[in-house]
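Naming follows writing order (A, B, C, D and E), and every chain is counted from residue 1.
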Amino acid sequence: MTLQIALRHRFAGFVLDVAFEAPAGVTVLFGRSGSGKTTVINAVAGLLRPDQGRITADDVVLLDTKAGTNLPPHRRRIGYVFQDARLFPHLTVRQNLLYGRWFAPKGAAAVELGRIVDLLGIGALLNRRPGALSGGEKQRVAIGRAILSNPRLLALDEPLAALDEARKAEILPYLERLRDELRLPILYVSHAISEVARLATTVVLMEAGRVTAAGPTAAILSDPVTAPLLGLREAGAILLATVVAQDDDGLTRLVCAAGPLWLPRVAAPVGASLRVRILAQDVMLATTRPIGISALNVLSTTVRDVRMGDGPGALVQLEAGDEMLLARVTRRSVDALGLAAGQPVFAVLKAVSVAQENVGATG
Amino acid sequence: MTLQIALRHRFAGFVLDVAFEAPAGVTVLFGRSGSGKTTVINAVAGLLRPDQGRITADDVVLLDTKAGTNLPPHRRRIGYVFQDARLFPHLTVRQNLLYGRWFAPKGAAAVELGRIVDLLGIGALLNRRPGALSGGEKQRVAIGRAILSNPRLLALDEPLAALDEARKAEILPYLERLRDELRLPILYVSHAISEVARLATTVVLMEAGRVTAAGPTAAILSDPVTAPLLGLREAGAILLATVVAQDDDGLTRLVCAAGPLWLPRVAAPVGASLRVRILAQDVMLATTRPIGISALNVLSTTVRDVRMGDGPGALVQLEAGDEMLLARVTRRSVDALGLAAGQPVFAVLKAVSVAQENVGATG
Amino acid sequence: MADWLTPDEWRAVALSLRVSFWATLVSLPLGVMVAYALARWDFWGKQVLNGIVHLPLILPPVVTGYLLLVTFGRKGTVGLYLDQWFGIVFAFRWTGAALAAGIMAFPLMVRAIRLAIEAVDPRLEQAAGTLGASRPWVFATVTLPLILPGIIAGAILAFAKAMGEFGATITFVSNIPGQTQTMPSAIYALLQVPGGDAQAARLVWIAIAIAMSALLLSEWVARAVARRISGT
Amino acid sequence: MADWLTPDEWRAVALSLRVSFWATLVSLPLGVMVAYALARWDFWGKQVLNGIVHLPLILPPVVTGYLLLVTFGRKGTVGLYLDQWFGIVFAFRWTGAALAAGIMAFPLMVRAIRLAIEAVDPRLEQAAGTLGASRPWVFATVTLPLILPGIIAGAILAFAKAMGEFGATITFVSNIPGQTQTMPSAIYALLQVPGGDAQAARLVWIAIAIAMSALLLSEWVARAVARRISGT
Amino acid sequence: AASMKTALDAVAADFQAATGHGVIISYGASNALAKQIIEGAPADIFVSAAVNWMDEVEKAGQVVDGTRRDLFGNALVLVAHGKDAAAVAIGPGFDLAGLLGDGKLAMAMVDSVPAGQYGKEALESLGIWSAVEGAVAQSENVRAALTLVSTGEAPYGIVYATDAVSDDNVTVVGTFPADSHKPIVYPGALLTGAADDADRAFFEALSLDAGDAKFVEQGFVILN
């Protein structure tokens, strides 16, 4: 399903004017606080009627201000996890979770309550009321409620912001599965670039009510122009890799265009194809193949571009076959190693640098 | 000011039983969702009367259930940033910000409104009402409101969770200054270890209503036992370093017990003493001093301890003078390099690996 | 009890209970609807409706009674047709007393419910909408449970008012023992009689006892509901 | 206007306005206090207070008037001392009419304000507390502004009720043209005379017009307040 | 007329005991009852405290021809608060105003309620109305006026003799001369809605000796 969104709306002192396409998969809206992300989602969900706009999901017109079409929220079937959880205070957690069930079309591929409850770790809360939940617990129930409503599209507004890393690490793969197995399109607002890199099929960068860049995740993340918009520390490229073997010492061996790659155990069968995000700052460059070091991965690449930053840093774009890699080094090192386009260099990467959250199924 | 906290409280299905000390500086409460962090802060702020407990701030008794003392919230003067912003809907942003002023003791060291407004980027919102703010904007106003109430202690419950990295990067140094200049003790709940490492003087790890570890940040973060509790990727040690020079190419030269250290420009004068957090996973080990590589920092250290993990990884504790460093490598590398206690190794660290947020003033 | 109450008094008590109960019960759904419309919709004539609802409060009860008499009386503009077409007669029946009580209590009921509706966070209703609930369902599953305390308050106000209603009732349906003589009418009649005070006082105490019981019950229910909502 | 209203009627209109205005204004602070106590505190005798507040609703107005007479009358238990010590006399004065109207309207006012108080999110009050506001300040700066719509609703209900109050007033302070003859009394008097209907109708229309204006004004104010709170 | 309750109830009880026919009596203000009858109230007999409201009912064609008659009469008295107030001589120009001092004179509404109308008429004919007009507290009905005197709120009041009978806190200090006001009569009539003999029988019973005795007991004057 592809979502086409074109909106124009003005609040006192704020103008939203966006147009973008959200193809199947996860589309992440990324932007600073107050840039208009929630406003966009509200319009998609039908909670805000924009001054002008047209929103279609494949050939269903959700909104067309010109034609006067405006599907009411309950007929849009968009599972919305609000930035503030908005649980129903008079219902128990279980009733909150099952609320959407009443209204879901019969026979739709149903997600099991038990499964979601386990995933979100809210089994002990089922008979409580929202008033007595912690901040993170509320947010988890809200996620469950949206998923269980059997929506045609999920809209998640910073769903994991209030959660600890461990819980995030459990929920993210599940969202991935929703994306892949149920082929549920997801609109996702997040400030955490690791979530973006891991989940996103498409990234939409917003700034002050406008879209400053939009496109496939790999392209946006490895583009030295857009990368700084995401925060320099989070710049990085996505490599496609295939699982070759699961070694005994807990490492997984993969192969990518630039050579072999060892990562801490990846829970994927041999032959599986994965997206591995490699942060620019985790990549060290060497002119000669280093020896006697702890880093396991040494990839042969060629410098394609060197972009000096304003500060002490530089972004080096590397080519390996038809894949791209980004490395962030100091300008001093660029000078010392004499890095220039066309020069072959070794990219050194520690196996442990690649976090679980940066390895995702291709989707 | 030292806060002494001892609490015992039971909700249906949840028992809180904690006792810890929060010395001057920032005390971070860290723990999974539902572990009781907010409950502790509520008790400190006087919003929850625990079944049993005693809370003192230096010699002021805020609560003593045995003695029947229970200072009402408004006499505790604790600037509380709630997990849900709780702005006053009938007041403008400006009135919200100034609300605490009315009640602050006269002549107390006042923080300027203009300063806070600029810092939080809410200048354009001053005449709006909270109903028309975005999630992050609300949270920023809530932070401003608490700081401007001239409290004797700040209690921040995940204040930055809804904010983008850029905004966080602006607010964190400010909180640091509050800690250091106004010598304002801060209780801080966070799921983001980078915030913990940067701000915390003391870390209190909570799990299911209990304190599992508590102590000075450096000790907790570099302890191979407690580090995994924080998330392995976030394990790391804190080095004390002194600024030696600000180089022309945007790098700052520091010196620490293990030798010279180059970092991207640190905004601190020559001679300043800093806390630099070095993540275990950013440290690469080499048996011989590597050459022709982009990493600028090569520190001479000695292996002190190698702790094999359950998975493919190992944590190597390194000694340099009387400072500690942690390195996270694969078990395979431990074997390949034959790492063992007492062996000298070079710790290789990219200058850019050390994020701004991991460099803080000593406090 | 039958000892110290004359059969007429006894009947007045029973009748008052019946009248108040039905007046409250029947007007409740209408009250909720009107309150919802006033709280949430903008429509032409909204303020007119609002005014009409408040009318019984503003007018001296006697006037309301007369208006009822000329409207719903046996020869009244509406009463005539209700009788001819549906065989419904209010005039000089206990149903008429209930009608009068219901109308007199209506503004109180509507205002209480309306205040409760206005206090419901519309964001919760929005959330219900995104989960697939249409307007009526949102109302039934979210708004209604959340305004329950207000509905209870409205109902108890209406019940109490119906128990005490006198002016409009006696004017509309007169004061016929066993048929339209409610407790207030009976008390009134007793007060007109030399030496009837003691008997009137007895009825007053009974009225107070009944209303207090209803009040306590409502407080208790409202508390239980509120506790459920606050989640403890 | 003076043309088509007799001086007595004219005085009745003015008196009704005065009585209703003061009845509402004076009972408002007390109403807020009682509503707050009922909504937020738990104290011994709470349900008794609650019952007493509702009493004027339950009792036939004549009874309330009679009780007022024996309490606040010149020789009444309280009235005697008010007169002796403070020189305050209610009997046969417009102040007595205001007292009667205020007491009759009190349950309506309290209920509206109480509902509004119960709808205030206590977490906002907590937040105010942490910012240094003591209980009374929290009330003045947070609770009070947030319940303003409820207070307005309570005031308009009370005003409307006061405009329509008849039974208790006439029983308590009788019907002295220019002093205690309010519009309802005047209307009642007119209705007693064959053929007085037309004149009564005129007064009824004036009463309606006044009450509607007050109602519209209150709606408008409440709307402005609500808009401020919702932040748009 | 509500003031007849005691006597009427007694007569009705006797009637039921004698004939087995129950009687349902609705007490209320004469004007309200009249309007209800005109609007179709299912009433068989109307007893009014005021001549004019009976006229209205008759005008509306609700009265069975020839059945209207004046049933009872009543007298107007001046009552004072207290058990043993001094009697006063009521005559033309007597000093009621001086008697009142700064107290009020409790009456039923002087322009609308029958007792008030008679009272005003009496005071006018005695030439003292203008002197006391400002001191008159008008009540909804005679009973309320009596209550004002009974509680001491007003030192004096003008009520029917029938009302003053049983109140221990008031003393009848004088009776208004019968010629100072129109005769106080309570007309009664059978209504067109009434059909059966029982109705007629009860209407007759009202004026039978037994019935009369009950009314006399209450201070009424029998007119038929």
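The rule is short, and it goes like this: a residue touches a chain if its C-beta (ideal position, glycine included) is under 8 Å from a C-beta of that chain, and two chains touch if they have at least 3 such contacts.
Just so you know, these numbers come straight off a predicted model, no measurement behind them.
J.: Any chance you could name the chains that touch chain C and chain E both?
T.: D
J.: Can you list every chain in contact with both chain B and chain C?
T.: A, D
J.: Could you tell me which chain lies farthest from chain C when each chain's centre is the average position of its Cα atoms?
T.: B
J.: Top contact pair of chains, counted by C-beta pairs?
T.: A-B
J.: Centre to centre, by mean C-alpha position, how many angstrom separate chain B and chain D?
T.: 57
J.: Roughly how many whole angstrom separate the Cα centroids of chain A and chain D?
T.: Spacing between the chain centres: roughly 60 Å.
J.: So how far apart, in whole Å, are chain A and chain E when each is placed at the average of its C-alpha atoms?
T.: Here the centre of chain E sits 91 Å away from the centre of chain A.
J.: Provide the list of chain D residues touching at least two other chains, using ranges where the numbers run on.
T.: 62, 66, 167, 188, 191
J.: List, in ascending order, every residue of chain B touching at least 2 other chains.
T.: Within chain B, the residues that touch at least two other chains are 84, 128, 132.
J.: What are the residues of chain E that contact at least two other chains?
T.: None at all.
J.: Among all the chains shown, which pairs meet the touch rule set out at the top?
T.: By the stated definition, chains touch in these pairs: A-B, A-C, B-D, C-D, C-E, D-E.
J.: Can you tell me which positions in chain E touch chain D when the two form their complex?
T.: So the residues of chain E touching chain D come out as 29, 31, 52-53, 55-56, 104, 106, 109, 111-113, 136-140, 144-145, 147-148, 151-153.
J.: Which residues of chain E touch chain C once you look at their complex with the stated criterion?
T.: It is residues 2-3, 5-6, 24-28, 32-33, 35-36, 39-42, 141, 143, 162-163, 165-167, 218 of chain E that touch chain C.
J.: With touch defined as at the start, can you tell me which chain A residues reach chain C in the complex?
T.: Interface residues on the chain A side: 45-47, 72-80, 82, 84, 86, 88-91, 99-100, 102-104, 128-133, 145-146, 149.
J.: Can you name the residues of chain A that touch chain B in the complex?
T.: 11-13, 31-34, 37-39, 83-84, 124, 128, 132, 134-137, 140, 157-158, 161-167, 191, 193, 231, 233-234, 249-251, 262, 264-265, 281-282, 284-288, 290-296, 311-313, 327-334, 336-337, 348, 350-353, 355
J.: For chain D, which residues are in contact with chain B within the complex?
T.: Touch list, chain D to chain B: 123-124, 126-135, 137-138, 141-142, 145-146, 228-232.
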